[in-house]
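Lettered A, B, C and D in written order, each chain numbered from 1.
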Amino acid sequence: MSIKKDDNWEPKILAFCCNWCTYTGADLAGLNRMKYPENVRTIRVPCSSRVNPQFILRAFQKGADGVLVCGCHPGDCHYATGNYFTRRRFMLMQRLLEYNGIDPKRFQAKWISGSEAAKFRDTVTEVSAQIKALGPNTKFVAPHYDNALQAKEGGAE
Amino acid sequence: MEKILNREEGKLLADRIAKEANVALDECYQCGKCSAGCPMANSYDLMPRQIVHLMHLGDMDTVMKSKTIWLCASCHTCVERCPHDIDIPTLIEKSRMEAQKRGISAQRNVRLFNDIFMETVRGFGKSQEVILEGAYNVTSGRLLQDMANVPQMLKKDIVRPELNSVQDKEDIRRIMKECEEGGAVK
Amino acid sequence: MARIGVFICHCGTNIAATVDVEKVAEAAKSMPGVAYARDYKYMCSEPGQAMIKEAIEEHNLDRIVIGSCSPRMHETTFRKMLKGTKINPYLLEIANLREQCAWVHTDKAKATEKAINLVQMAVAKVANNKPLTTSTIPITKRALVIGGGIAGIQAALDIADAGYDVTIVEKEPTIGGHMVMLDKTFPTMDCSACISTPKMVDAGAHPNITLKTSCEVEKVDGYIGNFEVTIKEKAKYVNHDLCTGCGLCQTKCPTKVTSEFNQGMSKRSAIYIPFAQAVPSKPVIDPQACLKLTKDKCGICEKICPIGAINYQDEVKYTTEQYGAIVVATGYELVDWKQMYPEYGGGKYEDVITGLQFERLVNASGPTEGHIVRPSDGKEPKDVVIVKCVGSRDPKKGKTYCSRACCMYSAKHAHQILDKIPNSRVYIFYMDVRTPGKGYEEFYDNTRKDGAQYIRGRVSKIYKEGSKLIVKGEDSLIGRPVTVEADMVILATAMEAAPGVEEVVSKLGISMDKDRWVQEAHPKLRPVETQSAGIFLCGTCQGPKDIPDTVSQAGAAASKVIGILNHDEMETSPMISHVDQTKCAGCGYCVECCPYKAISLVEVPGRDGNRKVTKTVAQVNEGLCQGCGCCTATCRTGCIDLRGFTNDQILKEVDALCL
Amino acid sequence: MKQYAYYPGCSMDSTAVTYKKSFEYIASKIGLVMKEIPDWNCCGSTAAHTKNEKMAYALSARNIAIAEEELPGLDIVTPCASCYSRLKYASYVGKNDEAKRQEIEEVLRRSFKAEAEVLNFLDLFEDPEIQEAIKEKLHRNLEGLNVACYYGCLMSRPREITGETDPENPMKMDEIIELTGAKAIAWDYKTECCGASHQVDAPEHARELIDRIFRNAQANGADVIVTACPLCNMNLDMREAEINKNFGRKYNIPVFQFTELIAIAMGASAADCGIHQHFFPAFDVINEVVKTGAKKAAAEAKAEAKKDPLKDGPIVVGKAGR
């Protein structure tokens, strides 16, 4: 199956942001009127360690094109040690996904503090561009989403 | 004295040397513990600490023209005690090689001694202390240096007039030649 | 079916300029479960809130979504608003249409599309929200202070003065810590003992303060407002209830060992009061040194004690007490420079001493009655070298940090030597002189005027030739090596967190930084809090500092404690983890990863077919849980979930996002 | 007893005559077999690595390569601190930098595995088996002799090359020398530099280094200094008289190789270890100690014999355990 790239195609990117650092950083980016692509949606979680691997699989299953997990910098976790768990879980998860044929660029973890609005903007802009270049995600997508996917791709050949 | 290197060239060279020596020049906070413990420091024109600072600034010109790089005895006391583990002996050694390449030597005799030493090795495969001392005295103009000891040496059978050498002299000459042609280890 | 109300805020033009708010509201109407949707200029305003309340009544809404600014801004506002309605305040979700949509995009069509999606996610989530109630916990109005140095004493006095009971736990036989060892304090040159011993006496005599010396914290359970602390009291072998502190025993004791208080420069007996002004001023027996306890010989103290207070059979005792808040003030110790610096003799030379040893040497109640003499031969030194940054600012051999108080105490030592020994010379080897404090720079100035020679450079080697110590350094300001022949060398050794801080920290469930200092919750804005609610810190357990800083931090910690103890009960956040114990397999992974030790394994009755069995399951302590949710992602059976951010809620958000 | 590949180094055949003699004496007494590396060459010493890094590695590596080929499985031992340092550097680079190892191999046209361990004489004499063998052969007690063990730079620094755990105060030689009954004193110039070849090419700067070493040894009560390196030994021994003259000192501290003292304790004569070949007179001090020790041992043996009437036979002089 080859993928036809539609120039108007926009990826769906999901960003899990911890409430204390990255979500605050994202708010600050807004406050500073920084601009970044519309295709990133954040889900607020108390801590990046709240992100269950199940959520990521579910996102890819339902047709998300990229998932970003963001938290405080290691050592700065609001809950002391949460992001260390995130970091370890992330590495395992990324290897699992890679093993299943998902490009590691589709699943990234970034540490962005509450003051790093510019880093938030740069990160989502960069990730968005990377995923746009990769094209739509086709792995894991549950069968009944096929139609939606095909529509998105402009039809599979 | 004429500038051999300007700041930009110097900075490039210093950074390359630092990288090869695995040294982060910016870690040095100029505490001076290196200079304080250096056995040769009384004779230096630049303290080891200043060598690091000049390299950080990119002033390799001053570094290569200094006496210090020739007088360092490579005893490694500085790096043993350095709070930031900065490998000054290697920085100095590599600076000395660069100076040598450009024909600079603020301590002519040190260079001379090294040259003669290597030539005896090239000639015989082993160093010849008698020839070394003799040739050095003649070329350095310090004819009488250590000569007071010679009669005693001969009398006490400490040195003998005959020479030691390796059998396969060609092998040594070839290795030395190839190394000289090939330049430094990458 | 849920009846969700969606309210889209214009925020003036903040949102409305980039997002077609009418369109969003319109789109919301067709989202599953939405019974009502509308937009409004300012949702957070009085009329906006009234409008929402009306809509709730009118349309019989049971949960609401507000599309507005960040939830970090107005979530609490809208929750408060819901308190007056039939809807539980936690049946609310906020779609962030301002900070994370309108303000960061320019393309109105795309921004509107995103806004609709964000509302969709919030709607999907809120449909799965459960009503939550905050609970209250009673507060035990007592505080525990761990450590009886000047930090602990100050914090205890402040709390006690506010009318609350305080216990000070101190592992040594007396309170006082390091401050009472010091001679003078910079920059004012007050006598350290003269200003600290009255505080010790106050603490000992305060009706609200209980001193527990020779004690350590054994175990800490519970949470803010309700800590249950087991305190271990080491055997003192002297009944302090009977003892009058006459001191006869220590004059007769035949065993002499090195005195800790005098930093190894004098002897004390095996039964001893650490120093004259100790509080409590009653002796204990050192079980390692006592002949009776080690070899069953001697027994003199028992024979001569006029009231029979000696008890060789004394044992370790444990008591358990309740506290509402805890202050950690475990203090510092000097680094073991002898291990770090063989080039300074590694302890071979008696006349190379630490700053703290010098304090004892120059102190009128010290081993030499205040005469500065060389420990080796008792002669008065004429040339003294002070070496700064020994063990600090040295990533290879010691600590990376600056030990902060050394510059000033070194200046003080120089001043004292020049003052007390006529025609003496003092050389101070330094890397930088750091004097950030009131009157500090002036003090440094005066020390130089007194004649102290400051030489910029780190010392490379100290060795002995004859009776002189040879100090090799570099005067880096002229770039020449210098050699000083000294009679005595004082090393300004770095502070490090006291030994045993690891155990205290792990028992309390708080953390340390890479240098073993106790970690504060935020370096700027929560400097005396730890990340565990109800546990505070002050003094040098948090980092190197001098006395003024220590005392102010102690006051700050005390005020935080008083702030808690002032309440009879406290509200807890309902957004915490809970375990479905029917599904829990008792694997304990959640216990491992919880940063607050809030989860424990308990035995509960269960069933295996028809058989009644007990099974091991996890249980969350609601007072300790801070709601991070780390446990939820580690649970194999999915039985542990975070209220307010449940798996269901987040999965529904993910689904809505991917539509 | 374990066998070793032996790299004597250039000085061992000329200036280090006392080192050579005394070591050969010990080896013959305890049955230590040293297999000289065939056709070994100069390690390049200080001069090579100031000129050309690759040449410095290659010259040293040639010896390791030959040893690995001709004397497989044997550790390489060298008496000279400078040779030790250069061989050890080559071995270290060969072990840790595959690219450089290949490059060296290429220029050598020999296989250079860098597997053989490089040891100095202190490592060798640290071997418990050798120490046991020495202890068995001890015939004299050098009690009363205060020895300053001088290690110099390259035996202990840089620590990642030498593996020395305490470069400020190494103790290997102290422990070895105390086998003889002599006292290894604590002093502070154990690892200070002797100036190495700068004593020849920059004497005006380097002489004071030697002066400082003698001064500290004297201040700490040393009767003699012992070294474990031909160059350190020569720098100290040959220049002591000159220092006395030019610096106005009165040092009377003969300089020995540590092997000389061991050989003497094992019964070697002055000629066996070349005591007369020192520059600075060394015979008297050692003779004094040996004589005192012998008298004392004889007296002790007599007392012992008196105590134990069953003991007969000739009085054994020596084997005076510490």
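General observations
As a convention for this text, contacts are C-beta pairs under 8 Å (C-beta built on N, C-alpha and C of every residue); 3 or more make two chains touch, one makes a residue touch a chain.
Just so we're clear, the structure is a prediction, and the values are computed from it rather than from any experiment.
The leading chain pair by number of C-beta pairs in contact is B-D. The most distant chain from subunit D is A, comparing centres defined as mean Cα coordinates.
Distance between chain centres (mean CA atoms), subunit C to subunit D: 55 Å.
Centre-to-centre, using mean CA coordinates, subunit A is 66 Å away from subunit D. With centres set at the average Cα position, the gap from subunit A to subunit C is 36 Å. Centroid to centroid, with C-alpha atoms defining each point, subunit B and subunit D lie 25 Å apart.
Residues of subunit B in contact with two or more other chains: 42, 77. Residues of subunit D found to touch two or more other chains are 168.
Inter-chain contacts, as defined above, occur between A-C, B-C, B-D, C-D.
The residues of subunit C lying in touch with subunit B in their complex are 343, 389, 393-398, 431, 456-461, 472-476, 479-482.
Residues 29-38, 41-42, 46-47, 49-50, 77, 81-85 of subunit B touch subunit C in their complex.
By the touch criterion given at the top, residues 10-11, 13-15, 17, 39-42, 44-55, 57-59, 62, 99-100, 103, 107-108, 153-154, 157-159, 167-168, 191-193, 195-198, 200-206, 208-209, 212, 238, 276-277, 279 of subunit D touch subunit B in their complex. Put simply, subunit C touches subunit A in their complex at residues 70-73, 96, 98-100, 102-107, 110-111, 113-114, 117-118, 121, 511, 519, 531, 575, 593, 595-596, 626-630, 632-634, 642, 645, 647, 650-651, 653-655, 657-658.
Within the complex formed with subunit C, the residues of subunit A that make contact are 12, 14, 19, 23-24, 26-31, 33-36, 38, 41-47, 49-55, 58-59, 62-64, 78-82, 85, 89, 121.
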